[in-house]
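Below, each structure is written out as structure tokens.
Each of the next two complexes has subunit A plus one other chain: subunit B in the first, subunit C in the second.
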Partner chain A sequence: MKKHKTSGKPAYYMESVPKMKKIMRNYYLKAKYARYLGKKVAWITSGGPVEPLIAMGIIPVYPENHGAMIGVSHTGVELCEVAEGMGYSGDLCSYARADIGASETGGGPIGGLPKPDMLICCNNICGTVLKWYEIQARKFQVPLFILDTPFVHTEFTKEAKTYVDRQVKDYIRFLETAMKKKFPYDKMNVVGKRSVEAMRLWQQVLNTATAKPAPFTAFDAFFHLALIVTLRGTKTVLRYYRFLLDELNQRVEKGIGMVENEQYRFLWDNLPIWHRMRWLSRAFAARNAALVADTYTSAWCGTVDNIDENDFLGSMGEAYTRIYLNIGVDQMAEKVLNMIDKYDVDGLVMHSNRSCKPYSFGQYDIQRIVQRERGLPVLILESDMVDARKFSEGQVETRIDAFMEMVGQK
Partner chain B sequence: MNPTEIIEQFRIAVRDPFGTARTIREGQNRPVVGYTCTYFPEEIVLAAGAHPFRLFGKSTVMLKTDAHIQAYGCSLARAVFEDALSGELDFLDVMAFPHSCDTMQRLSDIWRLNIKNTVHLDLLFPVHLKSEAAQDYMEAVLERFRKGMEQVFQVDISKDAMQNAISLMNRIRASLTALYKLRAAHSASISGSDLSHVVQGAMILDRLEVADKLEALVSALKGTHTPTRTAPAKRVLLSGSVCLHPDIHTIIEEQGGAVAWDDLCTGSRYFDVQVPEDLPPIPAIAKRFLNRAICPAKHGGTTRRGGDLLKLISTHRIDGVIFLFLKFCDPHGFDYPDLKTALETAGIPTLFLEVETGKPVDGPTRTRVETFLQILNQREAAL
Partner chain C sequence: MITCGIDIGSVTAKGVIMDENNLLATTIQFTGYNAGTAGETVLQKLLGQAGLKREQIVALIATGYGRNSVDFADKTLSEIICHGAGAHFAIPTARTVIDIGGQDSKVILLSDAGQVLNFVMNDKCAAGTGRFLEVMARALETDLDGFGQLSLKGSTPAAISSTCTVFAESEVISLVAKGESRENIIAGIHRSIAARTVAMANRVGLIPDIVMTGGVSRNIGVIQALEKLLNLPVTVPENAQLTGAIGAALLAQRAPNVA
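And then the complex of A and B:
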């Protein structure tokens, strides 16, 4: 691939990668053996408030992250088929299908997730998680806490604020009951501050891709994302992202790009197509194109400004309600336009993801807004993040070529 | 008016909902408020002097929607939006979106960005209906909508107007319940297809007219006992979202069965539970929403829907359940496998049908319904 070498390593090599893999391996190992470590496990949605769990010493586990690993390891189709055999429609979110399949068979790259002691579901990302967690609550017969975050079509109303703030208190009570101990508010302060710092670091990490050439791409961001999702609020995350940020800054200083001859820069929208990550990254790189940023990974730092780090619990209701997927299509388009400017891209690549309706419906309108406001070409790839049956290499390749032609004419 | 004539008026409204709404708007000079889901406080709209109008999606060919909503959106959302884009809904003064599923949530955004001649309102109801905080929040959302109606129509909604509207809707709900019960007891000569049109028509026609007509229909039907059938019909329950396929009823009836009850949102979920008339209006409406039969897009505990379904089955002595879903409908799709298991454990056979609005029931679906009914009949013989 790369001829551009630094200290004997190819330019795409990053020291952070093995480090990250090690942290994740340890984390999953700990989660899988939680019982023997005297720890409780909570399954939580990716947009859910993990910080109180960390403060409580509960191990958070993310079925969606597991879904991503299933996608990457190409076990998605077989696990989805298990769920379909149980009666789940093939049109439902493939994270949910894969997770339901895996909890039935113990299949997938890590032999299934450890059994939950409780379930924490925040519907700020979708209504799917609500149904999915209801199913798992019935299956595992464990308590389910729901943080219900009203959708912010145009405004975050004062009654919605009262509503979510009250539920934050319910959440703490839920944890106290589940753990039969008092909630450690002082620890929470520390965790809250760390979480905010982690989000800021993650934002800085993503910011490095404003450099030309970009020191890493969205495909790398998808990989490094796992920690901000799963271990936000811990020291490990801070240490790791500082290391990653250093490495990326060095690459920027040395002018090392992830894509050789970066000629075109694109913005990616929606979840990754986990089962075609390498294929897609090569397909774009071969055309001298770098996907320098995406709307997905930035969701985990997008509302950092709504958090008061000195009053995490008091401000988290609002922060968790105003995340990217819980806002109106026009607000999303606004963010897309900002990213287009910030990362100075030449086009937008949208993954129309059959699994994720809240992310995908509205994309066509965002496409029109982008074309109108910035005159940029937009490529729409219809696929699915985990279910590889919904991907056709030939078709995607043709569409990428047509898109590159348009970009080239600009 | 005899029952057939009354029913015919509901049928006409279902056939031509937009014409019906236009007549109300122009003839009675009343603004029309469109909505998409049974969690909608029609009482508040009525109290504001406006006409609540449920959208079911009439378009069958998607010419314009395809540019806004992917083909993997449910046919209900897509058809409703096609109606809007093609100008069929230009009589709407207000379009209201009560929060339900992810698809409708995004449709609201897309609608707001593209349909410019109506006032757009979102009702951000709670999803988790069992929490303590939900009651207060539900009331606050209703109160915001009430103020919204006042503002849009430049009226003051008096408490009396609210109370009158509540009584009116309670009359409708009482009559629909009575009709369902008559039907379930097989003592009325009203076919399943007729009843399905009556419920749908009740969400389209002028509500005062609906209340009067339904009462007339109930008393007319109470007198008409159908001759006792030789073999009692197999009693089917239809479970799902919207059913715009009254021919399903006919197929079932042709096989000697009958739909004895349903939990559809174009059926019993529309009229389940009254608004208490002894409470202040807003808390009273909130209370009904929290207590009525739940929609799968809401949370009322992890076993609530299964429990409700089993209760309906025993109350109405149901022999088999037909699940009727729209393709691409997530909330129902997720509930189905566990519901099916719960029913089968209880010895109730089930059938799963996936349909799309605007498409007639196809041959294979018809055959499956027929076979299912034959199995129910054989079961009787074998017992």
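And then the complex of A and C:
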């Protein structure tokens, strides 16, 4: 095991962080200069099947990851306003508004995304992405591929499987046409195996937070997540997550927690509030509370068991269809209950996110189920992941206080 | 033991001094733009009324939206837990507390023993709050005190469907233009607030007895509209507006070592 030189550093310091930043910087640089490197760029939705792109040597770029960066850098409001000025409704998902705004003005923390050569849209996360990607395909005059994944109300039927698998074949043909070359099935095997391994590693990374105190919190997971979203299927991801896992395991061994006096443990639901990450993590830490896990970051490894690593293309249709946002509320609640038990938490914190309707829609039902099945307190915070105009500090603080008082009186 | 509770709301600042279960002094004033100063004047008024010195107060808890500006408080607590404690004190059988203040509304679910089990607050929106009523009263050229009484004379509440204060105001104006009676319009406004509140209460799962606190509880029109929709009685305790401050003072007694 590699030795980590963390002595003398504060408990929150992790060597992985600067490493991760460097990887992401290089990734975006490469994407920005793809043209000079003779590479093609594809924009893809966060829940979309990226592996075939990696196998084809196409650089994937994620408007949603870009949206998160826009949120963190506090440029969300101005970009959303650009989109609103173009006529888009303020009720539209702020990732879509920020992306539309940024592609219009070249604004945001990295001066906009590189122009796409093609767009890959998978509606397993929501219906918003369909229109959003159609708009961008029209704007950039590039081909768009849509992978339509039927909603899994209760079960994944045989018909659904046939329907999705057929589209996976269309996807490969789409890529062959766009790139004017044959699809490299051998390479795909390698990429598929790597992707599965990356998901397993990511799950192990998240599992470390079952330790008490938790070596890292959901706020950290939101940060380290970027790689499993953007580059799964590459070697870089494997190397990085092995390093991160190592560091986390060492923290567990030494009993180093991310929150100094971890007294309460909570589970987070929904996307992060990107523009308030520091404020929120401090607010909870100051109350000796650690958000040890969340439903969001685990979505990127939640269906790994549905994938046959020896037949990635043949099984990915099912895996991509059964993700967290594409299943019924009962199944979602089931997952939440499992996580509550697994991470041994004292309560659930739900971000009711103005932008993300599929994520926020069933929350009151899930709250009721959690209260019925586990008797745990639930906090609901109303905000938006990118649009800071939807956040009210005073209200959120009062709710957190009241929630902590409720937890404390138990 | 003598304790003090100060509740700095967005519109009014309230305070009480209590000796065990007895109210020694109470006060209500406008908060103004400086919540810290408001807290200070509230305390001075209370001390004057009760004829006490600051040192005689064993513990002081601040609550409400401006609680953190009261820098002389021994401790701050959210208005949720204070309203819960205050409502339980006033009406021990209370299980659901509906609190509608100047700028927010909340529903708190209590255990038999008065512990907070769950709560919901309205989102960042004035609809369904005291501010909403103020805007409507202005649009209808009446004052808040007359509002409740007038609505009782309404025979058929006018339909007001907007949940947004601004939209609702223009709805009201167009009702006026159509010649709808003022009484019916006001009854409609109260019905719309009540409907919003009931929807919120259903989210936490409503259990009787139901108690209403906060400034809007002075409005008989809202109470009656709530009772009609819920089909249950809604009790308003004496000193309903002081519920949060009373709760804070009571909680200060339970934790005398707060300082």
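Following the convention adopted for this analysis, the second predicted complex is superposed on the first by the 404 of 410 C-alpha atoms of A that agree within 3 Å, B and C clash if a C-alpha of one lies under 4 Å from a C-alpha of the other, contacts with A are read in each partner's own complex, and residues count from 1 in each chain.
Definition applied: a residue touches a chain if its C-beta (ideal position, glycine included) is under 8 Å from a C-beta of that chain, and two chains touch if they have at least 3 such contacts.
These figures come from a predicted structure and were not determined experimentally.
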**Asked** So, A:381: does it touch subunit B (first), subunit C (second), both, or neither?
**Response** neither
**Asked** On subunit A, which partner's contacts cover more residues, subunit B's or subunit C's?
**Response** B
**Message:** I'd like to know which partner A:392 touches here: subunit B for first, subunit C for second, both or neither.
**Reply:** second
**Prompt:** Looking at the overlay, what does A:371 touch: subunit B (first), subunit C (second), both, or neither?
**Reply:** second
**Message:** On the A-aligned overlay, A:127 touches which partner chain: subunit B = first, subunit C = second, or both, or neither?
**Reply:** first
**Prompt:** Counting only touches as set out at the top, which of subunit B and subunit C does A:170 meet: first, second, both, neither?
**Reply:** first
**Asked** Which holds for A:405: it touches subunit B only (first), subunit C only (second), both, or neither?
**Response** second
**Request:** Mind sorting out which residues of subunit A both subunit B and subunit C touch, each in its own complex?
**Result:** 364, 382
**Prompt:** Any idea which subunit A residues touch subunit C in the complex?
**Reply:** 364, 368, 371, 377-378, 380, 382, 390, 392, 394-395, 398-399, 401-402, 405-406, 409
**Asked** Can you name the residues of subunit B that touch subunit A in the complex?
**Response** 67-70, 72-73, 99, 101-103, 105-110, 112-114, 122, 124, 126-128, 131-134, 136-137, 140-141, 144, 296-297, 299, 302-303, 327-328, 330-331, 333-338, 340, 352, 354
**Complete:** subunit A contacts subunit B in the complex at 86-89, 91-93, 96, 123, 126-128, 130-132, 134-135, 137-138, 144, 146, 148, 150-151, 153-154, 157, 159-160, 162-163, 166-167, 170, 328-330, 352, 354, 357-358, 360-365, 382
**Asked** Can you name the residues of subunit C that touch subunit A in the complex?
**Response** 65, 76-81, 104, 115-121, 123-124, 203, 205
